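The same chain A turns up in both complexes below, where it pairs with chain B and then with chain C.
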Partner chain A sequence: MRREGSAFSGLGVVMLKELSDHLTSVRMRVLEWLVVLVALAALYGAVQQIEDTTAQDPFLFLRLFTTSRDPLPSFVSFISFLVPLMAIGLGFDAVNGEYNRRTLSRILAQPIYRDALLFGKFLAGLVTLAISLITLWLIVIGLGLLLIGVPPGGEEIGRSFLFLFVTIVYAGVWLTLALLFSVLFRSPATAALVTLGVWLFLMFIWPVLAGAVAQIIAPPDPRYLALGLQTPATAVTEQILARLSPSTLFAEVVVALLDPTTRSLGPIYLSQLQGAVLGAPLPIGESMLIAWPQTVGMIASAILVFVVGYVIFQRQEVRA
Partner chain B sequence: MRYRFVAALAAIAALLAPAARADQAPKGVKGLYLLSDYPAVTLRPGETSSVSLRLQNYDMAPERLGLAVSGVPSGWKVTLMGGGQPVAAAMPATNSSVSLDLHLDVPKSAAIGTRTFTVTASDNSTKLELPIAVTLAKELPAKLTVTPQLPELRGNLRASFSYTLDIKNDSGKKLIVGLAAQTPQNFDASFTQQYDSQELNAVPIDAGQTKDVKLKVTPPNTASAGRYKVVARVSAEGASATADLTLDITGQPRLDVSGREGLVSTRAVAGKQTSVPVVITNTGTAPADDVELDGSAPSGWKISFNPKAIDRIAPNAHKEVQALITPTDKAIAGDYVTTIRASSRGESASTTFRVTVTTSTLWGIAGVGIIGVALLVMVGAVARFGRR
Partner chain C sequence: MSTDVVIEAKGLTKNYGQAVAVDHISFAVGRGEIFGLLGPNGAGKTTTILMLLGLTDISAGEVRVLGFDPAREPLSVKRRVGYLPDTVGFYDGLTAADNLRYTARLIGFKRSEREKRVTEALDQVGLAEFAEKRVGTFSRGMRQRLGLAEILMKGAQIAILDEPTSGLDPHATTELLAIIRGLKSEGVSVLLSSHLLDRVQSVCDRVALFSGGRIALMGSVAELGREVLGGGYVVDIEAEGAGFAERLALIPGVSGVEKTGIGKLRLHADRDVRSEAAAEVVAMHGRLKYLGVQEVSLDAIYSRYFETRPDEEMTMKEGARHAA
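Showing the complex of A and B:
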């Protein structure tokens, strides 16, 4: 049963077609407008706040992303909230939509492998997200230049570029999850609901649950409680559990990248801070090193989720 | 005080014995006298002066005495004053005296030399004469002496050098004595009174009196070790005196710790030893011996030096050592402060180095490996499950 030719023949065709479908779909347009408007609002709030309060900051430009002004959350919070929504919106009916329209067997009748179909759909979704995120990033940089009037330094550009990259990776995680469920469930509505459920769970419920579960796994030491401190073992367990959620990973990476004074993402003992110059910014390479495990976690989990979806899709009956 | 008291007692005893005899007339002295403390004085032409006289009556009945001055050189004005006005007669009571002032007004043109004139007090029976000699000199020599109590002082640069000078006015009148000190360049000298911080330029000294004045000399920071001469000069109205003073500045090593080319920051990897060049400079004026190096850093860090100590650093010389800094394994990335100290017998200096700790990139490579494994899984899945 050896296959003839590359598994990826026809990948380009599928990708371009999917891309053009995405970019012209009403769904995408609505999502885009939502993201752009919300991001602009957050940016406006950030600029107002910066003009009001910040006197001097070597990383003024990065504050555009992280500063919030009540009642709006910061640009980064909006992104971490809306990017999964966009990815799920693009991916929840990728495979089962074709199946329900009875076009899947027609496509596969062409000289296109199932591999290429799934890869093409994933890549098209990712490229669509990347295009919109890059556009958004450029809008932020441009408006920042206009509204603040301070040109960003090389390191700031580097850091915000890494932030863009990580955001695309983050979108990829949710896209693969949506693809997985679109393979698993025949009904797009079920797939959408389940994906959104998983997103809600991982984004809002899991961080709270992680604390409770950690207290069961590693009960707090009463000696620490008496001092009003968190037990180190409990804190570590809670963090490990919370990191199962991609949104936690993304939030940690963003903190490390956009706040150069971040030295560590885990709990730190006071002895490790002895003699440390607090508030001194880390070089960009060190911030990358701090954020790297989380980034690796996101990339690897995206690949693994994709592999699971791929394996299931390969073994599926595609004839309607 | 006490002596006076004893003298008074003796006087009273003396009085009581011969049944309240009159005043303190010395025994065996009786009569009228015309007296002066200084019947010969020295003056400058054009000067006005006065000679005090006294008409004393011992054990005689009061008597009116007419006063006159004779033999006055032409052009001089000589007036006898009593009680503030010119007088022509005096009448001392028994055992009492009358004070008189002989007012002298010497013209500018008067010739140098000694003139004598006579003051006469006379009545019908008595005639008292007192010759007064006035010597005219071109200038009355003002004379000052200055004596340092401790003329040689020794100390290091940070010490203050205070000399006490006794200034004596040996001339016959009050002088305003100007004070000055001649010091090596950049030395600072100031005169004060003994227990006063007010600086002085001049001090008034009464005739024949001595005053203590303090001269404080502050050497500049840059002065090298050695002996320095300071000349204290006092002067008034053409008279002057000097005192030679000596400052013996002993050298003092002064250390300065810095990085090579002034760079006091370095990078280090957590858990790995890194070496930082440390330059120790002796900016003082004496050699620094047995310079020991020491460092303090966050807990768990190790700091050692190669070499551990320096035998000797000459003044204005520097030596370089390597500080070997090992951050703890558990150090998180970022900047830390370490202090490096050099000490040599009480003289010490320190400076802070900023160490930027970077963490090992090993875990970064491990992350790449994890992604590689995930990609391998995918390739395996494609190979295993790929359909024709």
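Showing the complex of A and C:
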């Protein structure tokens, strides 16, 4: 049987309200400063390194994002590390906060569906993250221009723009995860801790664990071991497992987009490299093709996690 | 279904797994009526309310709110019904007016209409001067009033109030009950739940006494009084002097006299015997200090009803005592 009316009535209202809450919140300000300061530090390191080492590079501008100078990691590593924190910070108390303020039943007694509330909160979070990331991106581009003094080419701008888009998608994945836990747990503190736990696991533990699990699923072939090579089956399994983490997917996309010489993200046979001019950059379209599956994978995981949260929220009792 | 019935429930049931929260209840609320769902905590009042609003699934039975099925046409129901939840919450960082504006936008009022409605509603509940104050600074009574303002702003035909007076001081309670009466005078039907029997009895036209997920009794307070208490009158007398008991027992209509303390007597009669009793005491040169007839109270009905049914769960009696 069809539901009466639109599931999205009230969506814009909820989104605007949540957005204004986010943008004026102290939490958001702290997160933004954190990201900006850290990014500036990384940028400074990158510029120093570029001045010292790289004289001739057709993609000098992209080096801003990927170059690191000890002890600071590169801008990209900072982003892949901090964006989840920002997303979790914005989403961990989205739904359970309404319970605790006892506003949920009052809001749901208005002529809107629960869909509008949950989706509005997600959109507001995503727009907030997008605003921050676009600002950050503009800062980097602007400072890059000032500090290196070399204007970026069209392709470099295109690639860094794609990087921005993928970063927003990546933020969306973590935001849906935070929303899911804010639906599951009534206490915001529990939700925040669990989401942070999952983040730590996926970001730092899973990539290591993937290797161990791959060895069990596809044991290394002694013939390859004797030659000191990695067994192809094991390597493929390990990569498949590692890609279950959005951090791995994001890292792969970033490599493909920001390093034009990347030709493949998986293990390839030497025979497949026949005729290839190693080290020659790929056109932006080809790099996009390489990054496409990972990008779709991130979008799909965001949708999947959101749907799980949505279904649970629909069936939840509203009474406090 | 008559057009004068705004809420009609038939065999309404809610199960949580094996537990039955609401067990085949049926009732109807008429237009412009204040109907009370009364009973101890956990008797199924809030669950019933949530089912009326389509905020929780119905396990069995049927509900019609203004002719709509809350499970199938929730938006139509929620557009016409105002709801004040138990201990209502607002966004503390926003002002009272902004909180109402947000709700008004969710309902879909146009901008010009929104401002007018918000101002009027705040005025009606006496919060006009606090319109631009943040709700975080509000007392509990003010929050409840803001909740009622939301219902007024919505222009609801039915107001559903869950425990509107719980946790309020006597002054705030009186103010709130006055606003609820005001709702009625504007033609709004009111369904309210409470475990504070005596406070709500003054506003309710009809009540349903809940117990263990069922409606134990339903009707006006006077009707229930006749049904449960047998319609007798109880007159209390306090006087200085001796030998009244025998004389008072002779007054026609008095069926019993009991001593309730030093110089205190209680008469059970089938009519109001206050004037005769006073005359007797004065005739014996006694000094009359107190004379009063016990009004029919929901508390009395409630305790009497469950006293006479020893098979009822003990929790119900505890609830009644707690309510007192």
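In this section, the second predicted complex is superposed on the first by the 318 of 320 C-alpha atoms of A that agree within 3 Å, B and C clash if a C-alpha of one lies under 4 Å from a C-alpha of the other, contacts with A are read in each partner's own complex, and residues count from 1 in each chain.
Here is the rule we use: contacts are C-beta pairs under 8 Å (C-beta built on N, C-alpha and C of every residue); 3 or more make two chains touch, one makes a residue touch a chain.
Keep in mind the model is a prediction, meaning the values are calculated, not measured.
Within the superposed three-chain model, A:314 lies in touch with chain B and out of touch with chain C [touch as defined at top].
In the superposition on chain A, A:293 makes contact with chain B only, while chain C stays out of contact range. In the superposition on chain A, contact is made by A:272 with chain B only, not with chain C. Of the two partner chains placed around the shared chain by superposition, chain C is the only one that A:9 touches, whereas chain B remains out of contact. By the touch criterion stated above, A:243 is placed in contact with neither chain B nor chain C. When the two complexes are overlaid on their common chain A, residue A:282 makes contact with chain B while staying clear of chain C. Put simply, more of the residues of chain A are touched by B, taking chain B and chain C as the two choices. In the superposed pair of complexes, A:109 makes contact with chain C only, with no contact to chain B. Shared contact residues of chain A with chain B and chain C: 1, 3-4, 113.
On the side of chain A, the complex with chain C involves touching residues 1, 3-5, 9-10, 13-14, 17, 21, 101-103, 105-113, 317-320. Residue ranges on chain C touching chain A, taken from their complex, read 46-47, 50, 53, 55-56, 72-76, 78-79, 81-93, 102-103, 105-108, 147, 150. Residues of chain B touching chain A in their complex: 297-301, 330-338, 354, 356, 358-359, 361, 363-364, 367-368, 370-371, 373-375, 377-378, 381-382, 385-388. Across the complex, chain B is touched by residues 1-4, 7, 113-115, 263-264, 268-269, 271-272, 274-277, 280, 282-283, 285-286, 288-290, 292-293, 295-296, 299-300, 303-304, 306-307, 310-311, 314-315 of chain A.
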